[in-house]
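Handing you this structure, nothing more for now.
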Amino acid sequence: MPKPKRKSKASANREAKQSKPAKKGLLERLAEGPVIGDGSFLLVLERRGYVKAGYWTPEAVVEHPEAVAQLHREYARAGADVSQSFTFYASEDKLKFRGNEAAKKYGVNKINEAACSIAKGVADEYGTLLTASLSPTPSYLEGKGKDVVQAEFKVQTEIFKKYDVDFFLVEFFPHLEETLWAIEVCKEYGKPVVASMRIGPDGDRGGNSPGKCAVEMAKAGADVVGQNCHFDYTTSLQTIELMKAELEKEGLSPYLMMQPPGYHVPEANKGGMSALSEYPFAFEPRLLTRWEAQDFARKAFDVGVRYLGGCCGMEPYHIRGIAEELSTERGGRLGEASENHGMWGASLSTGSFLSTMTHRVGKDYWMKPPATGRPFSASYSAFFEGKPKAP
Amino acid sequence: MPKPKRKSKASANREAKQSKPAKKGLLERLAEGPVIGDGSFLLVLERRGYVKAGYWTPEAVVEHPEAVAQLHREYARAGADVSQSFTFYASEDKLKFRGNEAAKKYGVNKINEAACSIAKGVADEYGTLLTASLSPTPSYLEGKGKDVVQAEFKVQTEIFKKYDVDFFLVEFFPHLEETLWAIEVCKEYGKPVVASMRIGPDGDRGGNSPGKCAVEMAKAGADVVGQNCHFDYTTSLQTIELMKAELEKEGLSPYLMMQPPGYHVPEANKGGMSALSEYPFAFEPRLLTRWEAQDFARKAFDVGVRYLGGCCGMEPYHIRGIAEELSTERGGRLGEASENHGMWGASLSTGSFLSTMTHRVGKDYWMKPPATGRPFSASYSAFFEGKPKAP
Amino acid sequence: MPKPKRKSKASANREAKQSKPAKKGLLERLAEGPVIGDGSFLLVLERRGYVKAGYWTPEAVVEHPEAVAQLHREYARAGADVSQSFTFYASEDKLKFRGNEAAKKYGVNKINEAACSIAKGVADEYGTLLTASLSPTPSYLEGKGKDVVQAEFKVQTEIFKKYDVDFFLVEFFPHLEETLWAIEVCKEYGKPVVASMRIGPDGDRGGNSPGKCAVEMAKAGADVVGQNCHFDYTTSLQTIELMKAELEKEGLSPYLMMQPPGYHVPEANKGGMSALSEYPFAFEPRLLTRWEAQDFARKAFDVGVRYLGGCCGMEPYHIRGIAEELSTERGGRLGEASENHGMWGASLSTGSFLSTMTHRVGKDYWMKPPATGRPFSASYSAFFEGKPKAP
Amino acid sequence: MPKPKRKSKASANREAKQSKPAKKGLLERLAEGPVIGDGSFLLVLERRGYVKAGYWTPEAVVEHPEAVAQLHREYARAGADVSQSFTFYASEDKLKFRGNEAAKKYGVNKINEAACSIAKGVADEYGTLLTASLSPTPSYLEGKGKDVVQAEFKVQTEIFKKYDVDFFLVEFFPHLEETLWAIEVCKEYGKPVVASMRIGPDGDRGGNSPGKCAVEMAKAGADVVGQNCHFDYTTSLQTIELMKAELEKEGLSPYLMMQPPGYHVPEANKGGMSALSEYPFAFEPRLLTRWEAQDFARKAFDVGVRYLGGCCGMEPYHIRGIAEELSTERGGRLGEASENHGMWGASLSTGSFLSTMTHRVGKDYWMKPPATGRPFSASYSAFFEGKPKAP
């Protein structure tokens, strides 16, 4: 198999930078300006053929490490500051939940080790921050209690520690309580902790408002708090504003984060985007364009968000868009992949056969709502969890 | 970097098959049933960060061979029979056209060699057919004549021959004349020749009808003739029917092929999809779902198409869809990636946290037009080459 | 000009009823079940060519009384219980506001008299309740104070009294204060008073919540309180629920009313539907179908609304839909126009040339969202008061 | 019931004109410039509550003459040159077809007499041309032959003659043969004959192309030939171009006419708009705006159409739009109803409470595709005669 070779100017610069002995940590980078997370692994690798929808577990890290590594590289090249090990849903109870054979076949250790190892390889090469995430456990839902749940978490975090992650990530939790348990486990390692919940403006499943969730996460020691997945960025900007207001009221000032999905799901109600009937196999028309990813980045930055990445469905070109939008705020930094793009699609100005396309450059040109090409499709899904929503 | 490991049952079967000394050739496979081509390189690798929109040339094969190889593997795993070297727009005149520095930086030989070498590696591993394509040249447009154009082609075909491609591919031509020149060059090597044009029902730019184009390509010796890119599959099915009718009238019976783009562009007129104002950076809402790719496969097969693949924007999950739709016609064969999917999304039936999603399986469930999530978007683009189209 | 003749069974029944000396009053009818108001005059007569958009004043009652009478008859035939004199915006200050010559040309008295006279003619013929409405005054906006504003109102209400309206109507007010002044004037006549404001869930322009507005209107003596115009029924159902909750908290129980516009304007923000850029001359695609009017009727009834009619854009076929939906709750009563329709479009079952159309009857058939036929149109207006709304 | 009074300047002018002894005939007017037909009776009166969908017969002329007269007046005021008696589907066989009791209840004579009488009253008042139409008969479909069918026609035309129509109209025919039989009957009266068929670009049900139909109608003596109903104006403009080309080839030059429906039905196939599943009770979102009616008028005029009116669903404000668009070509003439509108909505410039709306005037402002307000609706109907159309 061919080996990656990187000869571009940007990569030369990067190598030069890498010669500096120490890379900056998360909090240091956040103090300087916005930090860019990476994008989706589950849904992107499902489309590439490596993840099984249903269980949504990450055994691809063992089965097809080259595919996972490739995606990590794409995010790093797009401009991400972070390489997040693909440890989502990799707690042991989840790996064996409802007939899932991943635990038996590979084991929780091997999966978490492989995920960290792959991400570390890319982080070392590109100078990105290494992290790994904890996610909701079946044990919590089954009411097994704090000790059992935290024991599941610790199996993972011990491996994260072994690979010396730069910070710990806690994400996609729908219950504040389990989130706080996860934060507590992570705090033991003396590294920064980043925590986000998959809640909307209505709050978590236990009836806690977004503001309450943010305050509790911050009080539990999370250095960065926020929202990820399930609602689109427009909806989640409201959630973040509710979090921010309550944090300010309490005199707390953690950094704010958003990692929305790469989809438009404006009609999603409390159940989030997975309750829409087209999820997960007919969501293509909802995919953000790169320009809409830029729109997210600008609006989130303006609201005060400083850790911006993507969740389900957010692809490398979206992360590149976020990086391009915030390049000024990041000292002009761009990912290598921007060499093939240019701000607002400047690469088109060179023309090719189609000289008529050279004017398709610029913010004004690209920020109009794109046509869908789908006259047989409605804008909104009529079905929510099986029940038609009124016209 | 981690090396691919394949331990699945499907791959074990494949290895068993590979031990057979000779793989079947294109015409042999076509005689048995439908053959599945692979998908898009240019637009998919643009989104992954490796191709520059504008020139649209394939220097990524030299700069980032691992990214190109990974995409080849994804198509092979999806169920493609063919690994098509990424030699599109790699004639020397195109590599230096309008300020493009690819020719100077890497040279036409190195690029075509790298492309063939990467594809050959994957073809050897997966037992797919190796091919490489010729595409339109600037020299033709500049009126330099047959000798000059064919000389451009021969530089490429000599390399294709060196890598022992299983067949030659001629594609994306808007002029019948240049197509025939390309076929003529390919025919010299004594291998099967596959030829497709990027024309719609109105025919080529020289005023030749689809039927005329098909007949001439067949008379020139193409074993497979058809249409690729520029118009969506609904429109191109009409083109194919026009081709078929004229071929039958002339008593010709080459195999028919279709490699449509992965987008819905029903409103495209003669200029094809690149004339729509959202091209190429805001086409996401137009992306086919996997089910629409299945719909294409079924309809194309029913019309008589036997070589079915994808062009710009057609991704691995689309190719998997085509392979799943035609698995019965292909003796039950499926790509490895179908292990993570199952027919009509059967993997969802296992459930996960969301037991409410287990019913989301089956043709009836998925064949409804998906919502777009885009209430600010129209279905059709109002602007064609700068001129608004009437409501 | 031909004279109306009515020989149908329904009209015979009606005549029989008319022989009873006294028709039931508003409160008596409300005690028995839902009361149906009539629909739009301004926008419907604008489309018929009799009202001038801009001033939106009702001088058509003088200029073309036959057109106004005809529309009254259509509402009565559709099943309305109420004939509302076309006195909207007929205060003297409005009739001469910003260059409007209606006051000078015809005078406030003549216009209000003509409006009442026409409506009375139809009410007498069809047994409907006669009413007439007060609407917002320029004097209020110009800060002229309670005395001036109430003087404007009294000119109108004295005429309403002269025509012996069955009840007084106060509507379309965006300010609670002016609403209360209008109610106060109407209460002097010892007849029932119905009051509705054109507010959304965010409340009135003075910062009063819908609940506060409802409570104050009820305390001021309005027998029926609610919402009309400006927001579509889906949005206004929320407004009504907010009103209801607060009324219950205060131990108040006026009847609730809704007279929404005949349009879908889900994206309207605080400015209401007139802030959408397509208002008022490109609102056709937003027109409710008759089935959507039925949907409104059912949902409003279920929430507890007992006075249901329509405002701008609500046409006779919408009122017929409301009457058909609630016919069971109204003792089986239907308007005469239902003879030409039947429940859920039953008239189609007779067939005509197109026997294929006879199955197009029934709730299941008609309650699906209708296609728009408009591939160049978006669902939502991108422009609100000149400022584009984000995608 | 109040009597119409007309005191406007326009009506004064009209009265002045009326004092001239002879009004100009159809051919005379066509020689001077475009002639404007009137709009829809069936579907408009269905929505107003006077026509029964299913049979679609015009007994409203007997039952509610005031409603029919009012609609005639609205078209005349909008700027129509023609008052077309409501005799559609009023052949005797149709009035008793499939259980229809109209023939028995009122009789063919009474219905046709009433229709002509009402229209004549308005034509006399407004100086419009009086006409009446023949439409397809069940007898033709039942194969009863020329004599029977023409006998049905003659019952009607004898009444038309009695009311001294200015010209005869033959419309909505799907078969060329029956059209020619109708023209033959009309020609006997020595008046101009206008003939249009409800065909699309694919031609009539007997396999005759639009060109063939036009040529045959002209050869049969029709002074004006064209297309009406069933397909939207965009589609029918193609039909007209096909007609025109063939007429020119044959050296024939009748005037061309178009009376399209007031709906967007771009996805209608051979079955026309009534085959769309939303027909006839959920077609509101498809209604043309007044601006789209202007667009029709301009494009039709540019193609050479000189008789422009509307069929099903075309309302008074559409006819006003057509008249406003062509006012220059008609010597500055406008209907009375334009006093309440002004070119491109100029009446809004006066403002009202909403001074922010005064800029909503002008072609540039109004010619953008309007939003639909319907996020749950698709652009195209997925069902055609019960069979889903592919995405």
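The chains carry the letters A, B, C and D, assigned in the order they are written, with residues numbered from 1 in each.
The rule is simple: a contact is a pair of C-beta atoms (placed from the backbone, for glycine too) under 8 Å apart; a residue touches a chain by one contact, two chains touch by 3 or more.
Here the structure is a predicted model, which means the values were calculated and not measured.
**Student:** Looking at chain pairs A-B and A-C, which one is connected by more C-beta pairs in contact?
**Tutor:** Spelling it out, more C-beta pairs touch across A-B than across the other pair.
**Student:** Where centres are the averaged C-alpha coordinates, which chain has the largest centre distance to subunit A?
**Tutor:** Result for max centroid distance from subunit A is chain D.
**Student:** Between subunit A and subunit B, tell me the centre distance in angstrom, where each centre is the average of that chain's C-alpha atoms.
**Tutor:** Roughly 31 Å, centre to centre.
**Student:** What's the distance between the Cα centroids of subunit A and subunit D, rounded to whole Å?
**Tutor:** Chain centres of subunit A and subunit D, defined by C-alpha means, are spaced 59 Å apart.
**Student:** If you average the Cα atoms of subunit A and of subunit C to get two centres, how far apart are those centres in Å?
**Tutor:** Computed from C-alpha means, the inter-chain centre distance equals 50 Å.
**Student:** Quick check: what residues of subunit A touch more than one other chain, meaning two or more?
**Tutor:** Only 264, 267, 369, 374-380, 382, 391 qualify.
**Student:** Contact residues on subunit C for subunit D in the complex?
**Tutor:** Contacts found on subunit C: 1-8, 46-56, 63-70, 73-74, 77-78, 97-100, 117-118, 121, 136, 138, 141, 232, 263-267, 274-291, 315-317, 320, 335-337, 339-341, 345, 347-354, 356-357, 359-360, 366, 369-382, 385-386.
**Student:** What residues of subunit B sit close enough to touch subunit D in their complex?
**Tutor:** 234, 264, 292, 295, 299, 369, 375, 378-380, 382, 390-391
**Student:** Enumerate the contact residues on subunit D facing subunit A in the complex.
**Tutor:** So the residues of subunit D in touch with subunit A come to 267, 374-380, 382, 389, 391.
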